[in-house]
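Report on the structure given below.
Chain naming follows the written order as A, B, C and D, and within any one chain the residues start at number 1.
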Amino acid sequence: MKTIDLPKIQQIVKQFAEERDWDKFHSVKNLSMALTVESSELMEIFQWLTEDESNRAHLDPKLKTKIEDEVADVFIYLLRIVGKTDMDLEQAILNKMQKNIEKYPVDKARGNSKKYTDL
Amino acid sequence: MKTIDLPKIQQIVKQFAEERDWDKFHSVKNLSMALTVESSELMEIFQWLTEDESNRAHLDPKLKTKIEDEVADVFIYLLRIVGKTDMDLEQAILNKMQKNIEKYPVDKARGNSKKYTDL
Amino acid sequence: MKTIDLPKIQQIVKQFAEERDWDKFHSVKNLSMALTVESSELMEIFQWLTEDESNRAHLDPKLKTKIEDEVADVFIYLLRIVGKTDMDLEQAILNKMQKNIEKYPVDKARGNSKKYTDL
Amino acid sequence: MKTIDLPKIQQIVKQFAEERDWDKFHSVKNLSMALTVESSELMEIFQWLTEDESNRAHLDPKLKTKIEDEVADVFIYLLRIVGKTDMDLEQAILNKMQKNIEKYPVDKARGNSKKYTDL
């Protein structure tokens, strides 16, 4: 995976909202709703497909574009939330991965998908 | 916003899944469900708050950690989907922003939140 | 609120799926995805509205129809899930309300929206 | 499927909210968020299961109770939204089913899961 120029992307997204005077709609509450709506639209692409079909969906160029557009929408709203909550995104991810590693020890979690509360 | 080391993060996330033999659960369909579940958990933090309260929620250290953990979970599943669909994430975002700019011309969209189909 | 003829509605919904040979797509997993997608589409109507505006949205006839259509879609998929899991829906609701009454005692929950785990 | 006494259920749900002075939190916007959160919690039960496993999940008594509790929560918030938008629920469902019948003619939709816009 290539890296991405996050500050540049965030600047484009921010400017887009400001030019349209949309910042007034972008409370963290509303952005979290938009994030879930876009996640659901991504999921809708796969809802009647088998798991195998979902793994191959991106091989169809038309579906690939749909998937990319919805992933981009999710990413865009996520960046807006990050920007409005003074978050160090990389640190937040590393912290959460550390918690996951502790909640799901390899010997207990290996090969099963139970929630940590049921391990 | 600082940039993030996306290839490093993705490597950590991938290794975490492989060590637990969880790759078999991670079809694109299932990952899109997990993405929506995590988005909803982020949204749940704000569901009974006013918009103003949601904008200040991260000032409470306990809530800040909850927000960061849920944003991280969304990000992690999004990266998994990106990794499984041969996507150039930065290009996907730039393409989608270009479509948004065309769908929402500044003069029509300024200050209103109507969907482009209603503009 | 008027009551509804649930067995009649369920029969219509079931026949609709059978005539289209859609039962094969309607695993409980897939139906739970469709339920969330439809809930999100309902939520999308309100995402950029203030709470006050959301309370008055149904006074606009065009929005009222949109709200009714999305509520109906949620209801339809919920009925499908009920039909496939041998559930006594009324009893399930009464059981859950009893749990809610115990989790949220009036004297502690009154006027605040904290989750029961924080009460 | 047995019918349910909808007016009785709605009365119980309404009284529960009033006794806790929660009506002030229950704008249609917030209720639509809660509806999606609960739908997602239902979906979470099935996210790592195969479709076959999801169809048999309710045979496990512990999972059956979890499914029933989450279906009940979705139903409860849906009823709250119906109650706040002056909706005739049965008529709304019948209207939407009529639209579905027209959007998905049997001869075109039979055995395939394409969205009506792609038929």
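Criterion: a contact is a pair of C-beta atoms (placed from the backbone, for glycine too) under 8 Å apart; a residue touches a chain by one contact, two chains touch by 3 or more.
Everything quoted here is computed from the prediction, not taken from an experiment.
Here B-C and A-C are compared, and the pair linked by more C-beta contacts is A-C. Work out the mean CA point of subunit C and of subunit D, and you get 2 Å between them.
Subunit A and subunit C have Cα centroids lying 25 Å from one another. Of all residues in subunit A, those touching 2 or more other chains are 25, 30, 33, 36, 39-40, 43, 46-48, 50-51, 113, listed in ascending order. Chain contact topology: the protein chains form a complete graph, every chain touching every other one. Residue ranges on subunit C touching subunit A, taken from their complex, read 25, 30, 33-34, 36-37, 39-41, 43-44, 46-48. Those residues of subunit C lying in contact with subunit B across their complex are 33, 36, 40, 48, 50-51, 113. Residues of subunit D touching subunit C in their complex: 1-7, 9-10, 12-13, 16, 19-22, 24-25, 27-30, 32-33, 35-36, 39-40, 42-43, 45-47, 49-52, 54-55, 57-58, 64, 67-69, 71-76, 78-79, 81-90, 92-97, 99-101, 104, 106, 109-111, 113.
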